[in-house]
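Only one structure is covered here, and it is reproduced in the block below.
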Amino acid sequence: MKVLYFAWVRQKVGLAEEVVQPPAEVRDVAGLVAWLSARSPGHAAAFAHPGQVRAAVNQEFAGADAAVAGQDEVAFFPPVTGG
Amino acid sequence: MKVLYFAWVRQKVGLAEEVVQPPAEVRDVAGLVAWLSARSPGHAAAFAHPGQVRAAVNQEFAGADAAVAGQDEVAFFPPVTGG
Amino acid sequence: MARIAVQAAPFDLAAESAALVAGRTDLGGIASFVGVCRADDGVAALVLEHYPGMTERALAGIAAEAARRWPLAGCTIIHRVGRMAPGDPIVLVLTASAHRAAALEACAFLMDWLKTRAPFWKREELADGSERWVEARHEDEAATARW
Amino acid sequence: MARIAVQAAPFDLAAESAALVAGRTDLGGIASFVGVCRADDGVAALVLEHYPGMTERALAGIAAEAARRWPLAGCTIIHRVGRMAPGDPIVLVLTASAHRAAALEACAFLMDWLKTRAPFWKREELADGSERWVEARHEDEAATARW
């Protein structure tokens, strides 16, 4: 599973992307956030306030209960501010 | 009093503008229309359907009861179609 | 504040837009609308007539009304007159503001009001040599009334 | 139907507009919006970051939604990324239609949706050397919800 980070989420995690292999019990975005948060203090800081972080699965916006698995590309970022 | 005609009102009257001296009892746009209509068959044709003709007095849109007098500039034209 | 022009010559969207923002760093956005001569039903050309003097007054009044309703940093209205071919640009409205909604709404407002409150008249010349005056549309009155 | 671009380079409003109308005589109007980098509170520069791949998908999806809602003859969305100075243009939305209301409404819709549904993020660099991420605005969510 490829995980991407953008904006201040990227800065807090300290990585733009990483390839991870979460255990089988990680089935959705919320589960992945909990599992990623334990990887480093940076990850923990990035996900400290889940309400401030948005997710996309395979380049589509996704909620906390969206399924994640295998070869998915999952991204985490703040609410968007383009335009 | 200067009277201007535009678009098909101009074509029917056969004049783009004329200087007229209506009698004192012509006090408003409706009165002026009635008086002008008697000047020629062209005028009569232009004003045959008053609901299709709009007016401006001194370059401001004006209704049938708007006052007209002396040195006013009065214009008659169809509903506008710019843009 | 507004730049108003009635002219036979084409206008330059990029130059007009650049003039509106030149030297400013307080703008959030510039909205524009360009009205184009459409080739409806075999229309070969469109001839635009107007009421010199009143036209400029009416456009300036409409621009002033927009400036009362929205916080505009600037606004430009250019309307062409004379003969136009299908595809030719007829009218340009540009609005600049710190906020995008103000610029976009004021641009739509200016077009709606201009359609029903500025003294222009369109005559269509058809491919068969005949001509006809364009009639005012009820939709345009309705669009004006919504503001 | 839509032209979508995400690029560091500036865009050319006149060229993009001309490309949209080239060879057509069925258009009634072209609406545009250009979003500009504003110098709020001592902002020295703005840095735009995005999610390559998802950005283009999201913009194409928003353009397709606009085409479902309005009879558009064409639409262009160009969003810049990288470092921008106050006064620099950031985003261009262009819409063309036979009808002015469709072009103007679709242009406003595209900007509103783009603001909340395309993966871009802005970081402000301040004159004192510090930096901060721009926070999403509730007004933008409300503007998206009105459509």
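Every chain is named by a letter (A, B, C and D) in the order it is written, and numbering of its residues begins at 1.
The definition used in the following text is that a residue touches a chain if its C-beta (ideal position, glycine included) is under 8 Å from a C-beta of that chain, and two chains touch if they have at least 3 such contacts.
As the structure is a computational prediction, the values presented were derived from the model and not from experiment.
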- Query: Going by the contact rule set out at the top, which chains touch both chain A and chain C?
  - Reply: D
- Item | Chain labels contacting chain A and also chain D | none
- Which chain maximises the distance between its CA centroid and that of chain C? A
- Roughly how far is chain A from chain B, going centre to centre by Cα mean, in whole Å? 73
- So how far apart, in whole Å, are chain C and chain D when each is placed at the average of its C-alpha atoms? 23
- Between chain B and chain D, centroid-to-centroid distance (C-alpha), Å: 48
- Query: So how far apart, in whole Å, are chain B and chain C when each is placed at the average of its C-alpha atoms?
  - Reply: 26
- Message: Quick check: what residues of chain C touch more than one other chain, meaning two or more?
- Response: 35, 100, 111
- Mind pulling the chain B residues that touch 2 or more other chains? 83
- Pairwise, which chains touch? A-D, B-C, C-D
- Residue ranges of chain D touching chain A (in the complex, touch as defined): 35, 48-51, 53-54, 57-58, 79, 90-91, 111, 114-123, 133-136, 140
- Item | Residues of chain A touching chain D in the complex | 4, 6-8, 56, 59-61, 75, 77-83
- Message: Taking the touch rule as given, give the residues of chain D at its contact with chain C in the complex, in rising order.
- Response: 12-14, 17, 21, 24-39, 86-87, 98, 100-101, 103-105, 107-108, 111, 143
